[in-house]
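In the two complexes that follow, chain A is the common piece, with chain B as its partner first and chain C second.
And then the complex of A and B:
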C-alpha cells in the first residue's frame, strides 16, 4: 500500500509540474497549450545533446530548462500572440505547433529513443519494504522546489501580482497600465521553464523521443480540469489526486487500465463539481 | 518566324514523346525489372525501415552481379522505394495505391501495417511480402496475398522456455505486457501456452497501457510474485524503457523477451548503464546474421557492418534476400509483370541461390503455407564484450523445440 502511494506521489508530482505550466498559460491567455508537449521534447533533447557533448549533467539540465523557456516564449511570440482576439483558433494553432515541434525533434534526432543519463541513475532509496529509484526521488524534489519557487513568484513579487491581475480580468489589468504582452510572454516563459524541469526530471525515468510527452500531456490536461481551469494550486492538488488514483487503480484493479482511472475520476469531478477541485468564478493564477 | 514555330513544335514533340516513354513501365530499359517496397524510412519506425532499405540495396546489387533470366532474357532488378512515414494507415495505403495502380509493380515488400492494406488488396490484388512482422495470430490470415519472409512468433517463443528451464533453472516467470500492442499481446498468449508446457509456472501476468511512460505499477506486481525470471512482451522501443525501470526498481534477476534488441539500440535507449542493465538478458527470436552459424549470413553481416557502420538486425538479412526470392519466382513464372503468376510461383520455388539467411526448406520449397523461415536463436548479453552472443539455436516443430544446439562457453 505504501509503495503504491509512493508511486502515486511520483506520478502526481510529474503531472502537477506539467499541469501547472498549462494552467498558468490558460489562466493568462485562455490557450489550451498542446504545444507544451513539444516544448518538453525539445528541452529533453537539448539536455541530452549537451550531456552527450560531454558537459556535466547539471549544466545540461540548465541548458534544457533554458531551452524549454525559450521555445515556449517563441510559441507565444510567433503564434499565439496573433490569435489573442480569436480564441476559437487557439486549439488548432496549439495542435499545429505541437506537430511542428515534434517534427523538428524527429528531423533533428530521428525516431529512435535516447537515454538521458544522470549521476543518480543507480541510486535506490529503501525504507523497509518501500523503495524509490533515485531518478524518481529527484523528480519529486525538483517538482516541489519548482512549485514552491512559483508560489513565491506569484505571491511575493510585483511580476506575480501583475500576472494574477491579468488572469482575473484582462481588460481591467490593461486599464491599470499592466503591460499585457509582457505578461503573456512571462506566463509562457514560466510554463516553458516548468516544462524544462519536467523534461530533465522525467527523461531519465523513460527515454527521450519525439513523442515522449504525449501521454503525460493528456494526463496533465485531466489534472488541469480536475483542479479547476487556471488554478495553480488546483493543478497541484489535481496532479496528486490523479497520480494516487491511477496508482491505486493499477494496484487493485488492473495496471492495463491505469490511464482509464484518471478519466473516470475526471468524469466524476465534472458531474459532481463542474468547476474542478478549486472552482472559482473568475480565472485565477494563484 | 515560321522556322521558330517549327523549332518550338519539334522541341515540344520531342519533350512529349520523351515524357511518354518515361512514364510507361517505370523504366525505358525492358531488361530492368521494377518491384516496390513500402518501408518506414522516416518517423518513429525508421529504426526498422532505414536498415531494411540498406539491406535491400545490398541485395539488389548482389543479385545484379549474378543476374537472373526470365523468359530467356537476362534481367536486372530495381526497387521503387516508398516511405510510409511510420503511418501505414494513411501514407502507406496511398503509397501502395501509387505503386500498384499507377506504377503497376507486380510485387511489393513491406514492413508494418498489414491490416491497413487489406481493402486495397481486395480492390487490386498483388503479392506483398512482409519482411518483419511476426505477430501472433499471423498476418497471413488477413489476406491470401500476404507472404512472410521470416518465421512467426510460434517458431521462436517455445525456445525461450526450453532454454530457461534447462540452462537457467527457471521454475516460475512473471510476464509484463504492453496492453494494446499486438506483437506483445500475441507473445503473452504464447508464453501462457509454452511456459507451462515446459513446467514453468506463470507467477504473475501484468500489463501496462501502450504509450504510457511509467511502468512502476506493472513492475511492482510482477516482482511481488517473486518469479525466477521476468518475461517482457513487446517490441524493442517499448521493452527497453520497461527494462530500464525494472532495473531501476532494484530487480536483478534474469529477463527474457523476444524483442530482437541489438547493442546499438541498447546503448542509445539505456544510456551509460546499458551494460549493467542488459546483464542476465535473454532474447529469443530469429537468428541474427552476426551470431548465425551460417557462413553466408556471417559474411553478409561483416559486409553490412563495414558499409554502414551499424549492427545488422535480423531483418537485414531477410531484406537482403528479398530480391533473390522475387527473381526466382519471376524466373519460374516466366513473367516479370503478372503478379498472379509470380505469386503462384512463389509457392513452388526452392531456396534461391545467392541468399544468405540460411532458410529452412519445407518439402524442398522456400515457403510453407506462405511463410519462409530461418532457424531461431536464444541470444544472451555478454557484459565482458558488451554485445550479444548466441546461447542456443533451434527449430520448432508443432510447438516443440527440435534440433536444439546449446552453445558452450557462450561469452568466453
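And then the complex of A and C:
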C-alpha cells in the first residue's frame, strides 16, 4: 500500500509541475496552452542533445530547462499575444503550435525514442519494503523545489503580486499601471521553465520522443480542472489527488484503466464541485 | 498659465465611424470637468484615449506639455493619468490595503504622497482598509476603485460613471469625496456620469458630447441653460 502511495506521489508531482504551468498561463491570459506539451518535448530533446554531446547531466538539465522557458516565451510573443482580444481563437492556435513544436522535434530527431541517461539511473532508495528509483526521487525533489520557488515568487515579490493581480482582474491591474505584456511573457516564462523541469525529471523515466508529453498534458488538464482554473495550489492538490488515485487504480484494479480513474474523478468533481477543489468566486494565481 | 491636461482635436475612428470626432479641451490642476452626453456619444471612448487604452486616430493628449496619448495604459498611469471603470474592478480576495500596496509598488517614483490612511480619510473609507475588497458594499467598492487609482499618484483622475447604482446619499458623499481629492491633492478630475444631480454641483465645467463631437462646453449653469443641450440630452434635468 505504501509503495503504491509513493508511486502515486511520483505521478502526482509530475502532473502538478505540468499543471501549474498550464494554470498559471490560463490564470493570466485565459489560454488553454496545449502547446505546453511541445515545450516539454523540445526541452527534453535539448537535455538529451547536450548530454549526448558529452556535457555533464546538470549542464544538460539546465540547458533543457532554459530551452523550455525560451520556447514557451516565443509561443506567447509570436502567437498568443496576437489573439489576446480573440479568445475563441486560442484553442485552435494552441493546437496548431503543439503540432508545429512536435513536428520540429520530429524533423530534427526523428520519431524514434531516445533514452535520457542520468547519473542517478542506478540509484535505488529503500526504506523497509518501500523502494524508490533515483529518477523518480529526483522528480519528486525537483517538483517540490520548483513549486516552493514559485510560491515564494508569487507571494513575496512585486512581480508575483502583479501576476496574481492580473489573474484576478486584468482591467483592474492595468488601472494600476501594470504592463500586461510583461506579465504575459513572465507567465509563459515560468510555465516554460516548469515544463523544462518536467522534461528533465520525466524524460529519464520513459523515453524522449515527439509525443512523450501528450498523455501527461491530458492528465495535467484534468488536474487544472480539479484544482480550479487559475489556482496554483489547486493544481498542486489536484495533481497529488490524481496521481494517487491513478496509482491506486492501477495497482488494485487494472493498469490498463489507469487514465480512466483520473477522468472518473474529473466527472465526479464537475458534478459535485464544478469550480474545482479550491474554487472561489474570483480567479486567482496563488 | 499652461493647462495641466490639454486635449487637442482628438479623433478616434473605427473604420468609417468616428467615435470621437475632433474633441478639444483643457483642464487645470484641481479642476473638475464633467463629461456628459447620450449613450454612444463617445464619452467612454474619449476616456479610453485619455487613459491610453485607445490610440487616437488623430490629435494629441498632453500632460504638462508632454504627449501622453498613444503610449499604452501602463505608461499613461506612470505619466500620471489614472482611471476607474463603469463596472467595479477590484481584487476581490485582497484587502484594500494590500491592493493599495500593489498600486504603489507598480508605479515606482511617482506614487501618491498621500498615505493609505490619508486616501481612506479623503474618500470616507476609514476602517475598511483591512477588509477584503470583495466584502465591501457596492458603494464602498466604487470608492475603493478610486482609492486604488489615487495610490498611483495621479495628476489627472478619470472617473467613468462613478455614481452608477448609488442612492442619493451615497452619490452626494461621493461628490464630496471627489471634491476633496481635487482640492486637497490638486488632482484634475474628469467625470463621466448620467446622474445630473451628482455631476452638476460637482463639476467646475461641463463638456457635452453628441455623436463623438463637442455639442457644448461651459459652466454647469451655462450648460443647463443651453437650448441645444436641453433639446438633445438634458430635457428637464
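In this text, the second predicted complex is superposed on the first by the 286 of 286 C-alpha atoms of A that agree within 3 Å, B and C clash if a C-alpha of one lies under 4 Å from a C-alpha of the other, contacts with A are read in each partner's own complex, and residues count from 1 in each chain.
Going forward, contacts are C-beta pairs under 8 Å (C-beta built on N, C-alpha and C of every residue); 3 or more make two chains touch, one makes a residue touch a chain.
Fair warning: this is a prediction, and the values are worked out from it, not measured in the lab.
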Check your understanding: Touch check for A:267: first (chain B), second (chain C), both, or neither?
Key -> neither
Chain A contact check, chain B vs chain C, more residues touched by chain B
- Task: Kindly classify A:110 by the partners it touches after superposition: chain B alone (first), chain C alone (second), both, or neither?
- Result: first
For A:162, decide between first (touching chain B), second (touching chain C), both and neither.
second
Would you sort A:175 into first (chain B), second (chain C), both or neither based on which partner it touches?
-> second
By the touch definition at the top of the document, which applies to A:127: first (chain B), second (chain C), both, or neither? neither
- Message: Tell me the contact category for A:88 with respect to chain B and chain C: first, second, both or neither.
- Response: neither
Interface residues of chain A shared by chain B and chain C, listed none
Residue positions on chain C within touch of chain A in the complex are 53, 72-74, 77-78, 82-85, 89-94, 99, 101-103, 105-107, 134, 145, 148-149, 151-152
In the complex, chain B touches chain A at residues 42-47, 86, 177, 179, 206-209, 211-214, 216-218, 220-221, 237, 240-241, 244-245, 248-250, 265, 268-274, 276
So, in the complex, the side of chain A touching chain C is made of residues 158, 161-162, 164-165, 168-169, 171-172, 174-180, 280-282, 284
Chain A contacts chain B in the complex at 3-4, 7, 10-11, 14, 106, 110-117, 121-122, 124, 126, 131, 133-136, 202, 205-207, 209-212, 214-216, 246-247, 250-251, 254-260
